[in-house]
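See structure below.
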Amino acid sequence: MTDHDIAAIEEAVAELRQQVSDLHSELTHYNLVVSTGGNVSGRVPGRDLFVIKPSGVSYDDLAPDNMVVCDLDGNVIPGTKGSQRAPSSDTAAHAYVYRHMPEVGGVVHTHSDYAAAWAARREPIPCVITAMADEFGGPIPVGPFAIIGDDSIGRGIVETLTGHRSRAVLMANHGPFTIGKDAKDAVKAAVMCEDVARTVHIARQGGELVPIPQEAIDSLFDRYQNVYGQPKKEQ
Amino acid sequence: MTDHDIAAIEEAVAELRQQVSDLHSELTHYNLVVSTGGNVSGRVPGRDLFVIKPSGVSYDDLAPDNMVVCDLDGNVIPGTKGSQRAPSSDTAAHAYVYRHMPEVGGVVHTHSDYAAAWAARREPIPCVITAMADEFGGPIPVGPFAIIGDDSIGRGIVETLTGHRSRAVLMANHGPFTIGKDAKDAVKAAVMCEDVARTVHIARQGGELVPIPQEAIDSLFDRYQNVYGQPKKEQ
Amino acid sequence: MTDHDIAAIEEAVAELRQQVSDLHSELTHYNLVVSTGGNVSGRVPGRDLFVIKPSGVSYDDLAPDNMVVCDLDGNVIPGTKGSQRAPSSDTAAHAYVYRHMPEVGGVVHTHSDYAAAWAARREPIPCVITAMADEFGGPIPVGPFAIIGDDSIGRGIVETLTGHRSRAVLMANHGPFTIGKDAKDAVKAAVMCEDVARTVHIARQGGELVPIPQEAIDSLFDRYQNVYGQPKKEQ
Amino acid sequence: MTDHDIAAIEEAVAELRQQVSDLHSELTHYNLVVSTGGNVSGRVPGRDLFVIKPSGVSYDDLAPDNMVVCDLDGNVIPGTKGSQRAPSSDTAAHAYVYRHMPEVGGVVHTHSDYAAAWAARREPIPCVITAMADEFGGPIPVGPFAIIGDDSIGRGIVETLTGHRSRAVLMANHGPFTIGKDAKDAVKAAVMCEDVARTVHIARQGGELVPIPQEAIDSLFDRYQNVYGQPKKEQ
């Protein structure tokens, strides 16, 4: 790749580097991660590239210039800033998702406590609160048990979430992966996933849950996707 | 509406804009909300208006000038600051409460975890600690299951809280709404509602609760409403 | 009382005003209190007086000059700074303790969640962790159910803690009161009381607790009272 | 010891004083300690010395110069900075570990809530989440019940962890001790120990745990020790 190509890539990813780097602070703010765990990535608009956290670097040391630029096979683009660093050890899973789900613009992975607790039982989170109907449109599903080293985590995410309303999957004995239209949206899904995992856990510890009727879930999900928030053009 | 009318409204709401905007930081301070969830509103003294949070705006971006001014049917007052924004998606419920409960000066809604957990079981919180007797005068009741889109949430709040000592209601499968003599008082009720929801949940996980005798509840509630705090005139 | 008397009192309490005011921030730091709940007091060395938090004032607004000076019957000393304010609604209980336990130099009251949860079941906290043996020398006892309005809370604290190793008592359906050789020591007891209440609650949720042998408890308590920390003279 | 010897020691420990002092803020950041509890130590490279927190000093008052330098019998080195202070009351246990485990460069002790809760039941934490397989290579074991005053705590740590994959041991009815190749690594183990103690506790409260197959645990542990993070030479 020529210096010119690299310069063009850097121009294309400049804003996303900042955004992905900044979004990691949401993970620490909501206590979704400890130590160097967890990672956020974002797809580079119009290119077969994504930007992801480096591996094993402390949250305090993250900065736009140490985010790593990868192609959709998870290979680091040589010559780009941060390319001397290894990307997140979950890079293969992120890459697999971007390769197979073109509508996805952001991916997040954490080991947040309550979501990981459901994952340790391989149990989906039932939809018993309206915030969950709004955000996930029903239960949060469990993905297969898969370990790092090949495409099995990525494949498990894609197989579970394709055609599913939920933007979150609890990978068995592991933790949540979330997707979104962009990195910010995937981070929101990670935050909400832990929040509903906690609320529904606490609720069930106290006794029998009351289900929400399916038509109410459908109606809430539909409204939230289409009506909630500020009119799109002004945002 | 003339420019003169708008100016008069802005003068009437200036202090309340600041207060309602600031009070949202109590919701984040006590971890009652995540992401853009939750909302506070306050009635404009002497006018059929209230001030409420805009929809889907992040807590860090809230400011007096983006609070939205609505009439008691929940319509945004055109020309006022913030009127280019959609008000909170719970505006209809707030408006209904102001329309039907003239003594209410503030309304708060959150999905705080422990209160939402009781709501997911549609179970009232029993009054087993004196702080709850002080603040709520007995159990915190559950309101009906109602979804956004018409007046059913507002009606459920009003029907449940009218004539009730409690300033908090757990809307079924949804979360708490609280009312108060002003917005600050409703925020205090939201904070205390989550606190007692958590304490009583934890207490019951450990075994049998011991009830407080009704006459002690009555006596505590009476004292707290009438004696607690600084003498009224000096505050 | 002459202006001269007042000036002498203010001189005697100046340092304690600062200390008691500052110590309240430990209660918020460790999340032992919400809203305006909780209070710290300290006995004025060499005088039948103590300094206590004003009633219903927010933690952000506490300052040395709004701490209230009371005699050991709980009467505010007229003319002292802060005397235009009502003292904490728990002043009578603090005063009763100072009157009947001359060795006590500080009293703290909170509604901290886990301690209040044990109190709602009127169940003592068993001593199953060494930190609890160190600090409390055995279980944390439960006091009687008593409501505000007369000396019954103070009497319950004194009757329960007199001759007891524990510096904390869980007043039934209410919450913990702690005592100490000074206000700082009582605050430490309040912090540790909630910490062990939480740890032992969590431990028991998971299954059977293993008791610590009594002679080990005795030995730990003895060492902690006499050996722990820096040599006394240099501190 | 001559002034020259002392100066040489101070030069050798200067960086480690700063590091050990700073690392204590990780314990408070992750809420692993309250009040003056908990302690971190680090071995001085190339010397039979270690640096440890002073006893009973508040976390806000820790600084490089009040860290205490000890030999491997736990004796304070006279004349060094901080030598007028008593070292942590757990110094004998740290010293025992350094004496008997030459590969250990850092030791941490806390009473963190969830880990202490497993310890109060004397129950090992089962390995049901991949983060635990990565970090600890299997279950976190329980050590014997031992109280302060002789070498029994140190001996319990060494006997339990020698030849074990886990860098954490839950001392019965007491709390976790963790070891690492240096102080930073031992702090990471303390943070992760509490995190997995919490996640697995929550998971089991909700129902049956699904175990991770042993060969997957082995594979994850091997990868994490050898592949994770940045290439060694560049760090």
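Chains: A, B, C and D, in written order; residue numbering restarts at 1 for each.
One rule holds for everything that comes next: a contact is a pair of C-beta atoms (placed from the backbone, for glycine too) under 8 Å apart; a residue touches a chain by one contact, two chains touch by 3 or more.
Model, not experiment: these values are computed from the prediction.
Trainee: Which chains contact both chain C and chain D?
Mentor: Touching chain C as well as chain D, we find no chain at all.
Trainee: Given that chain A and chain D are copies and touch, would you call their interface same or different according to whether over half of its residue numbers are shared?
Mentor: Different residues, largely: of all residue numbers at this interface, under half are found in both copies.
Trainee: Farthest from chain D by Cα centre, which chain is it? Let me know.
Mentor: B
Trainee: Measuring centre to centre with CA averages, how many angstrom lie between chain A and chain C?
Mentor: Taking the mean C-alpha position of each chain, the two centres sit 46 Å apart.
Trainee: In whole angstrom, what separates the CA-based centres of chain B and chain C?
Mentor: Taking the average C-alpha coordinate of chain B and of chain C, the gap between them is 32 Å.
Trainee: Multi-chain contacts in chain B: which residues touch at least two other chains?
Mentor: 205
Trainee: Can you tell me which positions in chain A touch chain B when the two form their complex?
Mentor: 30, 128-131, 188, 191-192, 195, 198-200, 202-203, 205-210, 212, 216, 219-220, 223, 227-231, 234
Trainee: If we count contacts the way the header does, which residues on chain C are in touch with chain B in the complex?
Mentor: 34-37, 54-57, 84-86, 89, 111, 113-114, 116-123, 145, 147-149, 172-175, 201, 204-205
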